[in-house]
């Protein structure tokens, strides 16, 4: 950490800060600059807490060189983590995967129709929401545990590993027993207690980036999982909230190659939630592969115009089939 | 709802949409415009679901006139709601209140010292975090249930109603038995299950605006509480996330008079988290009163430079005392 | 346009609004809804000005169905515009182009070295800034007119059409005489007088999206050029400003297929300014092709570590050569 | 400046960076940390250019301690600057001023009516736009030079100093001869050539913050004026662009006390453009005074419902008169 002093800080002020640094067992290293003095804090292992230095006279700013996470970075774990979801391998160096299925599980008929389309067209996993986070209380909230059971049935029938969102701690055990991968959604990325409890579950976790989460916060959220004992974590970019509202969110594709440098955990992309317009999904899925994503997650519904949730961004069977063919061709070319 | 057609939509397309509207039991009202046709959906009560109309040929856009919330608005409840917290009245037309106390409960000694300063200077409630949401797992996470018990003791000793944050459902009962008002923090504003369960508790709820929540989402989150049976809700503006990082967040003070027009629920302001710089807090507190807030929530620590959490934005006893005097003078003038 | 009334608006209020609509020569169409009345404004050609209806009693909101631009949309000009820059064709259906060159023209030696690398590796145009917009006044501001002359020389020597930024009206004539395409930068996207004057020049214009410009504002800025008589306009996505600062800006790639639906003007991508990190540029360039961009603009410097401007995001000769080969392979596959 | 090395940087890498620092005439000061080495750059006067150090092996990041501006800060000019506009003093320590008038000058009759209301109610200056920046080309663009002449007439008749926006360089001389203060609008805050030329004019400049300008960029834009020879600069906060669209912009009031610490130049607030809703303007004006602004700029129109521009945010004569009385009372109380 670097403590930047005000330009009017006195030599006495600097001495006091140095003493405070040494009182914490660190070494202080003053760096006189053109306009002001900065003081380096040396000898720390990991993140230095600013607390003991705050409010000291003449202190202007703190600059952290060390980040609030460690286990998720390549600095300390250079090799790719490969997450296994029901036999499917997800990792930076693995063949990119496709997760497909409806926004919400609506009925056995609907889910099985979607699973059939997914299977026949080469998808690797089946998604479907049983517990649905909705902006207001007056809209469809999902089938709940009954939906989770339908996912287990679909898995048995079609042989596809499954992923579904969990929203509260008391859902964790049941979901972990019935599906292959637990999703923690964007709105819960900083629901730290859910993260802490999910860390204890021996199942892969798909962690979505929060709507306005910085990459630092995203990685720190993943650190809760890894520090809690679960390193089977897949990160998912799903668009961020910006001033632009022509599309649902702003898909931040450049974070994929950026995160590839920084973390060993695999990153996949969810273009459906990011974009919100059906006809743009296939092209953004292909772009996700090109930037190196470990996979994509696609909303697909057997009959999008009757979907109870997010139909405008769901692909139907035909457009999904076409997209899968195009992506296969692209993978060959890459 | 208004369904906007593409400019190239055919009369056949328009007919199909009209039929779909009528199939839902609504009335369709075509509005031919200069460049394109729009079709009004009439006869609805409350929010109209777009689902049945999505994907129909020639449809370009949906414009919702009705919002995804209802119970929280003045349209349906014109009179101010007054929330009573341990005898203190919070409402648009009431005397503005001051909630003060440390970011985190650290010890009996620290909490009691803070409570004494709060009481002696005329604060109306005592705040203190027992469960702390922290960006990363490697920093102080709060005293937990022991912290809640200290709050109950402080209440007994100093006679101040108390408010503390809850982060998970299984904390609700214990906290409700021991403190007067439960806070749901910015990171949990869309933790819908926490909202649903908190709605069943017979205690006032202080709901903070999410870091990137629109006012529509903020009100829809409050709707979860009111629709679930708890109308004792205080809203809290605490700064939003923007591109600007010179201050911790961007305090969005204009939402106070805006929300006053829209909702009967009282709105208070938390300048401490919004600004993050101690010396700016008093002046932003005064501005909060001027724009009509029902109160302010202030971080105050008996010894800010030793605070375990957010010390840089906490007032010490002297600056808190001065702020309280200045605010009292201002209230007289308003 | 749709005028939404307050739910408490009286029948008298509605009558007054209808009269005001008819006074403008339009037809009024009331649409009674569940909670409130809306009134359609019919018979307009193009954008309706809200002015005469503002402030009328009981009016809550205006919803514009017609946009503030017209000439740039496919509604009125369905066929792709193909812009010709010194013989190079730029358009949605054309072979995607590559514009390459240094951020700033620094010297004849530097520019010619860059032009040689561009030419030898198959770039279609040469870029180089003569007039540089810099955040503060104390950094290198560009060579000015001497830089423009070097661009003309480079064009003669290497046979590449050239593009350079103009920042003030009195630069337009000289630049138009010496280079093939005039760039209007992100900071000047809403410098409307520069747009009006540039519209009179008979040279192609490369218009960059402003740092926080919505697509509506971006298209409205282009409308200034087309309405002013110059339809040789290339749009350029170059990243927007968001809360995320890990990368320089947030590259908004999904706008490319979105704009392809909306406008006949070609859109290219500038990943260099959007990302700001050299090693991520090639992969984002490839993604730009995949989403259908009409081309990319790349910062390339013969010796990036000595660049006077933006060296951290400039490719050197070798990485540029590699990127061009990879893109060629990708084009084959698409 | 601090150069942060990658954790895997070799001792050789560090040596190379040190040599590069010394080659620039600076002193290098290595600071070994827990995870990585940082190297302080010492002996600089003002901002250090990163250029010579970019791209060196093992370099991870640059942290600037010195800002890209200097003349506008209190570090180098501790005393308040007082700007005199036609005899009216504007400064942090002066009586806060009120600038009022219509968004656009529409006619002599309209401007004079507005000036009369301004004068009679104690406003200090008259505003009115002659050149209007409009999102699209199909709306009213202002009266131009004729509007400037009307402002001069209004000044003569009512004795109020005037302020109006300039949008292009060739307007500067005429406007400077006819009005007392030249405004540079939000869209032109980074029109650096306009800033450079305005710096040569011997008239006060009112510089508005750009829609998505950081405070660092805002101050750096002001630095162009001061470095160019004109230190008669008034800064104006007018709301920033965020994800929230319920109000026109997000008024960032906390920057007023923040900037008061940082710069000697006075800061005023424009609540009209920030909020965009007439009835909220008075209360936000009062809040502006409370946070210490040197003044406010208010849109006021003799007949807002007939305004050609921004009528929805303009006060009428009666509400303006009431606001002025309330503000006078508040000033007494502060």
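Worth pointing out:
So that you can tell them apart, the chains are marked A, B, C and D in the order they are listed, and the count of residues begins at 1 in each.
Note that a residue touches a chain if its C-beta (ideal position, glycine included) is under 8 Å from a C-beta of that chain, and two chains touch if they have at least 3 such contacts.
What you see is a predicted model, and the numbers here were worked out from it, not measured in a lab.
Farthest from chain B in terms of Cα centroid separation is C. Among the pairs B-C and A-C, the greater number of C-beta contacts is found at A-C.
Between the CA-based centres of chain B and chain C the separation comes to 38 Å, rounded to the whole angstrom.
Averaged Cα coordinates give chain A a centre that lies 26 Å from the centre of chain B. Each chain gets one centre point, the mean of its Cα atoms, and the points for chain A and chain C are 31 Å apart. Residue positions of chain B touching 2 or more other chains: 46, 212, 216, 241-243, 245.
Residues 46-47, 49-52, 54-56, 68-70, 133-139, 167-170, 187-188, 190-194, 196, 211-212, 216-217, 220, 223-224, 227-228, 241, 278, 304-309, 311-312 of chain B are the ones touching chain A in the complex. Those residues of chain C that touch chain B in the complex are listed here as 2, 4, 7-8, 29, 31-36, 38, 40-46, 63, 65-66, 75, 212, 241-243, 245.
Contact residues of chain B toward chain D in the complex are 212, 214-216, 240, 242-247, 250-255, 257-258, 261, 271, 274-275, 277, 279-280, 283-284, 286-287, 290-292, 329-330, 332-334.
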